[in-house]
Amino acid sequence: MDMYLASVLTNMTLIAFLALSAYLVLVVGEVSFGQQAFFGIGAYITASATALAGAHIFWGLLAGAIGGASCALLLGLLTIRLSGIYFAISTLCFAELLRFFLLHLRFTQSVDGRIIGPDGPEGFSNIRWIFENHYQVTDFLLLAVTCLIILLIVLFSLERSPIMLGARMVGNDPILAQSQGLNPTRYRLSFITLSGAVAGFGGGLFALFNTHIEPAMFGVMLGIHGLAYAVIGGLGSAVGPLLGVFLDIGLLESIRPLAAYRMIIFGGLVAFLLVFRPEGIISPRLVSRLKSRWRNRHV
Amino acid sequence: MYSLQGIGKSFGGIDVLRDISLTLKPGQRLGITGANGVGKSTLINIATGFLKPDSGHIQLNNKTLTHQPAWAFAQAGIQRTFQNTRFLTTANLGEQLLLAARAPESKRRLTKLIELSGLQASLHLFPDEIPLPMLRKAEVIRGLAASPEVLFLDEPSAGLTTFELDQFGVFLQQNLGQKTALVVVEHRFDFMLMITDSVVEMQLNRGLVKRGADVKT
Amino acid sequence: MDMLQTSIDGLMIGSTYALLGLSFALVFGIMRRINLAFGACLLFGASLAIYLEPILGWGAWGLFVVTIVGVALASAYVERLCFAPHSKRHGAVTAMVASFAVWMQLDEISSQLLPQRTHAFQGIEVPNFWWGEIFVRGDQLLHFVIALVSILVLYLLLYKTRLGLLIRATADSPDTAHLLGARVPWLGFIIFLLAGILGGLAAFMILSADGYVTPLFGLWSTFKGLIAMIIGGVGSLMGAVIGGLILGLVETHAGAVLGAEFRDMVTFGLVFLVLIIRPGGLMGVKIYRTDSLAQERV
């Protein structure tokens, strides 16, 4: 496979984790401007585990996911009384505070004559896992896609269980949800924590693939992109955010000749698209309708 | 046994409910009437945990629920319908009814209720595509699936014709079961007579006043 | 003396933040919407002004006028494309994401207009002076006055005219206002124009005090506006003004004590604390509760 294509595809796969994490928060009715922080925390933890502690990639990624989940849970607990714009802004502040922490995190070691470890604004260089294990870009793409598919399988089985419908009810109409005996706080906390795990895991892969990470990469722009992918793609199914990622990165890459004007065209197109499909392309109604059609035909 | 004792509630300094008490035995059917704005919906909101009373206690089978959140009321078996039917518009009716019936036993009950109500054909539709009489039945089914201790209905007749209301009443009577107590807030007296065994009237500043026989207020 | 000097600097800067906060509070208070493209509109107006300056040749006053007109136009465009189509109750997130898309668009247009990273922005020249032992920057004093005057004008518009009455009625309760026949046609459009004019004023004042524009100005002003609004109490106009002044004070003091690097973090930390301890902001607006039926009667 073409190296360039493979690296674009890998990037799309990694950003898909971020978009899915934004999706999980949107499902329970909240907007987060802070998912990039969990992505960044996951990246730093996985990088430290593999490059500094020499852990196996499996444990490195797991640690990244757990780190992301813990930060998300902490945020969820602190903001337990908030919703709407209050929640959104507090996620933004929390993310910027975490990024500030990364900006001041210095813990370097010399390993085989190379200085590695977080070094303030300079970031974390020489995350050499893919070189040491002789991974080609395509090998890494395969790894990332496999992880994404596993995540999708988990999310789809969640989608088929009543949990996801309960979460959507909590998100759309908390009063109705309570009248059905659902505890909104529990749903929100679990989904926010899960979203942190997903983002942290994606961040871990991101660190391994990029071999260098720095706090500036995890600014609010990254998070808002993930959020926008989820909304554009639609909240009907986990496929939605993937479609959003594909539309943005995939299509934009294919119209390279227009590079200079691409955001002008694309930004307008997205706003225009949302006029006609305010719930995103793959809206919950669309999914529900497709599901019942499918069932009618196959029962 | 479900009881409200000495419930009081005021909004912005104005007393809406003052010292309201009410006891329901299993299977009891109580109707509440009263002028618009005397606080019937407020009473239901408090009785089902959606509003917290300023004073008083709420008990179910000797367990105090007063300060529990609304979802805990629902889990304890206190169900309600809303003055305007309330469903998600983004999922079809079938999915939403299934969500209300989580235990296997409730699922069986739900299937039976759906059959009896003639809702099968609407299960794959979205709530905003389903006519109101059907939705009202669906809302009751949703409440009854888990065989609750008490079911509160807030003005179920709104928007129904006499004929539709009649059908609704028959359906309700046939499917409530022995155990479930019922409280209906209503204006339509014919309907009340059909499904309740006593009626009280809520009056401004006077609380619940007897209209029929043997009601403890 | 240093404390006093820092505080006065803070108030001067804070007055422009107050305008940014007011723009957000107008839109949020009345329409319950967040316009993420707000900063991008400001950047667009400023870029347009710099781009047209050599062509028009009107000098500083030209920059002033074109910036404000440019921001107002961009703001109106954002309203038509991103907010008017999503005016239903559940449209808030969609509208916000649409405005994010337009943010990207306006950013790109601005960088097409101004390809370099920094461009000089020549404000109106006013001499500086000493007042006792306190150094006062003339331009900042002028800006302070302009900010106060525009806040006063906005106040008169909202509280002394019929349009203002209708706007306030709608803000209090859209349904009731509609029932009473107080529907303001193009209300959203008018609000966005107003917010755009305030934003344009703020942009001109901030940029001429700094003396240059960078592409980061958009994101920066969105942040400042949002934070000023949050500190003061979401949706409250008076709160946004006070929030802006407090933000200015906190920033300059934090910068003086801890260094410039910590300045923004202190602000984010403060906002986070305000939110989790007193979510209604300093003015204590009570619309934050998630589980209360007070907002919605069942």
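As written, the chain order gives the labels A, B and C, with residue 1 at the start of each chain.
Here is the rule we go by: a contact is a pair of C-beta atoms (placed from the backbone, for glycine too) under 8 Å apart; a residue touches a chain by one contact, two chains touch by 3 or more.
The structure displayed is predicted, hence computed values, not measured ones.
Summarising the inter-chain layout, the chain whose CA centre lies farthest from the centre of subunit A is B.
Taking the mean of all protein C-alpha atoms as the reference point, the chain centroid lying nearest to it belongs to A. Taking the mean of the C-alpha atoms as each chain's centre, subunit A and subunit C sit 30 Å apart.
Centre to centre, using the average C-alpha position, subunit B and subunit C are separated by 48 Å. Centre-to-centre separation between subunit A and subunit B, using Cα means, comes to 42 Å. Touching of two or more other chains is recorded for residues 291, 293, 298 of subunit C. Across the assembly, subunit A contributes 172, 175, 178, 184, 279 as residues in contact with two or more other chains.
Of all residues in subunit B, those touching 2 or more other chains are 50, 69-70, 82, listed in ascending order.
The touching residues of subunit A, counted against subunit C in their complex, run 26, 31, 78-79, 81-86, 88-90, 92-94, 96-97, 100, 172, 174-175, 178, 184, 220-221, 224, 227-228, 231-232, 260-264, 266-268, 270-272, 274-275, 278-279.
Those residues of subunit C whose C-beta lies close enough to touch subunit A in the complex are 28, 34, 36, 81-82, 85-86, 90-94, 96-109, 112, 219, 226-227, 230, 234, 264-265, 268-269, 271-272, 275-276, 279, 288-291, 293, 296, 298.
Residue ranges on subunit B touching subunit A, taken from their complex, read 48-50, 69-71, 74-75, 79-80, 82, 86-92, 94-96, 98-100, 102, 123-124, 126, 142, 146.
By the touch criterion given at the top, residues 162, 165-166, 168-169, 172-173, 175-184, 236, 279, 283-285, 288-289, 292, 295-296 of subunit A touch subunit B in their complex.
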